[in-house]
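You will see chain A twice below: alongside chain B first, and alongside chain C after that.
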Partner chain A sequence: MSDENKQGLQSAFRRKLLMGMAAIPALTMLPRPSFADTPATSAINTTGLAVTDTEVTVGILHSATGTMAISETGSIESEKLAIAQINEAGGILGRKIKIIQEDGASDWPTFAEKAKKLLVNDKVAAIMGCWTSASRKAVLPVLEQYNGMLYYPTFYEGLEQSKNVIYTGQEATQQILAGLNWINKEHGAKTFFFVGSDYIWPRTSNKIARKHVEQHLTGCKVVGEEYYPLGNTQFNSVINKIKLTKPDVIFTDVVGGSNVAFYKQLKAAGIDLSKQLLLTISVTEDEIDGIGGENIAGAYACMKYFQSLDNPNNKLFVPAFKKMWGEKTVIGDVTQAAYLGPWLWKLTAEKAGSFDVDKIAAASPGIEFKGAPEGYVRIHENHHLWSKTRVGRAKLDGQFELVFETKDLVEPDPFPKGYQ
Partner chain B sequence: MTANRFVNRSELIGILVLAAFLVVILPLCLDVFRLNLVAKYLTYAFVALGLVICWGYGGILSLGQGVFFGLGGYCMAMFLKLEASSVENTKIQSTPGIPDFMDWNQITSLPYFWRPFHSLTFTIAAIILVPGIFALIIGAAMFKRRVGGTYFAIITQAVAAILTILIVGQQGYTGGINGMTDLRTLKGWDIRPDHAKIVLYFFEVGCLFACIFIAQFIRHSKLGRILIAMRDKEDRVRFSGYSVANFKIFAFTVAAVFSAIGGAMFALNVGFMSPSFVGIVPSIEMVIYTAVGGRLSILGAVYGTLLVNFAKTSLSESFPELWLFGLGGLFIAVVLAFPDGIAGIWADYVQPRIDRLVGSRKPGWVASIDSSVADGAPAE
Partner chain C sequence: MFGDYSIGDLGSIFVMQGFAGLILFSVYVLMALGLAIIFGQMGVINMAHGEFMILGAYVTWMTSNFFQAYLPGLFAGYFFLAMILAFIVSGALGMLVEWALIRHLYKRPLDTLLATWGLSLILQQAYRSIFGAREVGVELPQWMLGSLNLSDSIQIPINGIFVMTLTLLITAVVGYLMYKSRWGRQVRAVVQNRIMAGAVGINTEKVDRYTFGLGCGIAGIAGSAFTMIGSTGPTSGQLYIVDTFLVVVFGGAASLLGTIASAFSISQTQSTLEFFLSGSMAKVITLLAVVGILMLRPQGLFALKVRK
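Now for the complex of A and B:
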């Protein structure tokens, strides 16, 4: 596509945006449902879900309060944006989406309780929600018991596959392997030092990364592996070890507020990220908001989406998001993945011709979403998404500059052979 | 007063009212989902009950009751998790037959301290004994050295923090921050469907009343009066020849065992256990339940727990983004306006009117157990 063409496209879209903001990804991607023949409620809802002739109810279940609120707010916002856009475009099977929002309060049992409330009391047709692995693990038995459908946005450790969940984020191998290959090839990195928060996601990710480094990258080794409790703010000892071992790459999956302390202390210790390679799988634009661009500029992040991605879908998504939630908001990887949930659900319901959870689960594999801000995605038989791995370099302004992306979509592999 | 007269008439009425409320009214009015929520709230009532004895009567403020709640809960959860991890349920794992989180953490055989939890008898004993002995050790270490008041509260907080870090850090053995999820059956009996929830609810209410009677007994026995005397003038009791430390250890241990029973009930009713009930914040919340109910009232503690948790659920359902402020406001209002909690409101405003109407004698089912309370004697 030539540049002029792109410009033309863009301004056309912009006009559309001004007129009706939201509904655009629908234009770019799918055969619109015809509104004339709205199917009868009894036909598309045989299991007593909250579907009326005009409305279908979904639940949004994230932490609006507590320590995770800072991360999960973006997901709530993009899910609401997607739902508003879908409603603008006529809804699903002729029904507008009604939202019931519940607060998981950063507390895992509360997630389970609220999920149960949404499924049992409100009979929601689907839940967009959860963020941490712990909250998903808490909700999973409830979903399986009451046969609910969850669209889960976060990149996570894998080792899980459920009929009742669509994982719109990447599982660990999708996120990590291509990034490690790239840094090994492009920068000739041979030695790696792992630093992570102490829970299942960093531990599993690092296990996979270690196996890959030791078995698949020739002459490479892991020179250190350290974990700190969630919320830890003292990283001096690990920084000293890094200085002693002088690894080619610092590979980090430190999460949440700990990041702020980690990068500030790295900088204070004189480790200059423009010279020292650092590859993180846990810092998105959202985290940089807290860390400060000046403290992390130069670091590489391995994600599937950056706000700065240059493609037509993203050029619509970012302004629409900012219009709804404010100019200052930033959009991280998970926020984008959360945006996919309602759209994928819509496409699946239209393919299945039903809101029944069993039919949605069965119809999900093969669903394609061409309007995704990250680019084309497709649901795999294992309910994860095929998506690209991308590496971005953090800039002073808190945005990432794309430096690498895989040529093809990477197959999701939640139970990777040889990495267990 | 002799030991067998451990409830007076108005207390008996209070207990009967509570029994009618929990056994008849709530199950009739609520659907199974809400009833299961009440069951969850009531698990905290065990903790609040323990705090009435330990804090209200004994004057020992413990900000670490979550530790015992957690120990009891984890003992129960370990049993349930083992049962849910049978070889056929876990055949996709690299090592079938061990809990899923162990498999994720590359543990290839069941650790030795997990093995006894195959036995339900052992588990029930462990629910009582592990927290009981732990409390005994902490209590002995602290009270024998006359550590009390604020210092004791701080130490209990430290214990809560340490246990949380231990559980989170040893995730191969404990499930880490995720906790133990997906608990399914108790001796082959599925604990998840609706009828099981109802059975569990009534079982829990039964246990709660057993604990209430024990608390009543302690309160009306000589022991209870020594506790109160000790709270109000520790030195006098010591000079009278009593071993203050032993009484404190006793009160603290009873509170710990009550909390542990609550924790075990939690694991059964909610099908879940995680370190988020062990740490400092939940421990303080548990103290708040007692404060709202009235720290001197055994039944008030139950009502306080129900009220706060009910407010928590309904506020968070109606105002997902603002509810914490509402809840915080509620606590501040209660503590400022009614320092003796719901029980205080009852004793000051409701009971006198009832008495006037009925024309009966004065003592209420609630707090007014001794005058020093009304004088506002400090708890420490």
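Now for the complex of A and C:
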């Protein structure tokens, strides 16, 4: 009983405190002349979203627990950074962004349930979230039913397009084709050995890569294609097959804990990546943290972003990220793509002059973001991003050295003709 | 598939593939030994086995960091100390868990499955809170990396040889403890008849605690060794648990020899199939074979009498 009393007192105190705190922004905002420029809530929110005169609510929906927390932590961090920066710069349409974070817990039905909660109970104006294709596929019907907006950060297999999703990572052809062309031209590579984890993304990506190698690169062929179950930790057999077939390039899309095992065993088997070409589409700076720089130095990765990129935007972004999340954190491709989400949404809302999902969706194509750490990006009609493709070479310290980038932005093509 | 390759090439590959099979065998034995002791001797289904392994891996990671920061001159040898520490830490946690949780469930062995599964979730979240959600990279001394060149085309991974040696050593020690030492006799006596063992003056509680601790400690050593070949993250332990149970159940609980025989047959089947088929198909066929044999022989390859 006494405990309950105490709790009651505490929560009453907390409520008062909160009321007091809520009054602070209102007080500070009143005298400002800019307040008058802020559009009325009724004008920018006609569908009952959680938008007030001072605030707009967004959801962050990633796995903070479970096996995927390894990968999704970086995305959560950069989304929070972007939102903090936007708030510092005055928010969106005069409203500060309020975050409601939900945990998908690496479980796909949980993702769907939490998405529904964010859309139906919290009425969030947009969701930044999902990482695996499986979680996105689980959330998609919920988004379409309740008309929500998702900014999805991961590079993925393509074959999808929705009014309710903006894909800020690369789809497969964007990521792969330029890299294969480069390694063929630059290193004269003719034979390719594919190794991947056994699920939809590596299988689709390798299908595209195989078609490209066989049909568009003259005299090239695929000498092996191998898949291992997710979480596999023993790669000695496939490494022996690689030794037997002696391919010019090992092309890999192994993910998760298997990644670490694969590169450690490759090195232990005497395959020297300074001599053997290896092109991966699944290793970012985040993964190298676990693999260890000495095990993967010399390998090439094909992505759109590396932490070491030398441009003015990235020079601001990297220190800001480290200041917020610690000196030791690294920033991989997906982390950067997640950072784009809140900014693209802000620019779109300002162009549309509204938070309404239909208007955001309609206004999205053509939105340009000049402040992206990867450099200029633009949203395509198909809700994917125009972006450059880059090849980096892994160094001992776990960073990539940029060795190639496409001259122009590569057009996103989620339903590539001739590759299916 | 071999038409295009020279005899010399093929010879080298078969030698290396043979070693790949032996390395897989050692890995299986190492990860299954701790479980074989706990599941076999005590009838406790320890679902948190993988988490005890990862605890060993984290201990190795911390030791490595410590040596890099304070004793860089001795870094080449830190791994041995790390394995001993891994044994002690995992073993100590094991004994604590036995005292706090497992001993209350000896009469309900099936419930240990649920309790230890819960424990595994708690440990995973604890690792995540303490060490962060991301994987950590364990830096190894230079001599443990790379491979041994037997000839121009035959390379044997040094870490594989290390794991094989370690497995031999630990198996020998466990074999001695179980079948030659006084303590091993006590353990087996408790397995066969707890009440009688107590009546003749064996402290059964103590035997239980040390047996569980030993099993967890060996898991810790396995985890420490696996930092050479696998990942270290909060949920990495889950990668091993299925294979571990497969080996122990297939071998027949309670039998050390059974565990070794089953690890050997599973690893050889798998590595041979992996070479001729793809990795996923090899796994499917291996599992089918194991399921088939277990249907015909539910008690496993080698079965002894177990505490009922």
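Everything that follows uses one rule, which is that the second predicted complex is superposed on the first by the 384 of 420 C-alpha atoms of A that agree within 3 Å, B and C clash if a C-alpha of one lies under 4 Å from a C-alpha of the other, contacts with A are read in each partner's own complex, and residues count from 1 in each chain.
In this text, a contact is a pair of C-beta atoms (placed from the backbone, for glycine too) under 8 Å apart; a residue touches a chain by one contact, two chains touch by 3 or more.
From a predicted model like this one, the values you see are computed outputs, not experimental measurements.
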Q. Looking at chain A, which partner touches more of its residues: chain C or chain B?
A. C
Q.
For A:Asp289 in the superposed arrangement: first (chain B), second (chain C), both or neither?
A. second
Q. Can A:Pro141 be said to touch chain B (first), chain C (second), both, or neither?
A. first
Q: Have a look at where A:Ser237 lands relative to chain B and chain C in the superposition and call it first, second, both or neither.
A: second
Q.
For A:Pro229, using the defined touch cut-off, is the partner it touches chain B, chain C, both, or neither? Pick first, second, both or neither.
A. both
(Q) I'd like to know which partner A:Asp198 touches here: chain B for first, chain C for second, both or neither. (A) both
Q) After superposition on the shared chain, which partner residues are touched by A:Asp107: those of chain B (first), chain C (second), both, or neither? A) first
Q.
Touch test for A:Thr65: chain B only (first), chain C only (second), both, or neither?
A. both
Q) Touch check for A:Ala362: first (chain B), second (chain C), both, or neither? A) neither
Q. Overlap of the chain B and chain C footprints on chain A, residue-wise?
A. 64-65, 198, 229
Q: Flag every residue of chain A that touches chain C in the complex, lowest number first.
A: 64-67, 69-70, 73-74, 198, 225-229, 231-234, 236-241, 243-244, 256-261, 264-265, 267-270, 286-295
Q | Contact footprint of chain A on chain C as seen in their complex | A | 5, 9-10, 12-13, 16-17, 19-20, 23-24, 27, 125, 128, 132-140, 145-147, 149, 153, 155, 157-160, 226, 228-236, 238-240, 271, 274-275, 278-280, 282-283
Q | chain B contact footprint on chain A (complex, rising order) | A | 64-65, 101-103, 105, 107-110, 112-114, 116-117, 120-121, 133-134, 137-138, 140-141, 145, 157, 159, 198-200, 203-204, 207, 229-230, 415, 420
Q. Inside the complex, what are the residues of chain B that reach chain A?
A. 31, 33, 36-37, 40, 92, 94, 101, 104-106, 165, 168-169, 171, 176-179, 181-182, 184, 192, 270-272, 274, 276-277, 313, 316-317, 320-321, 323-324
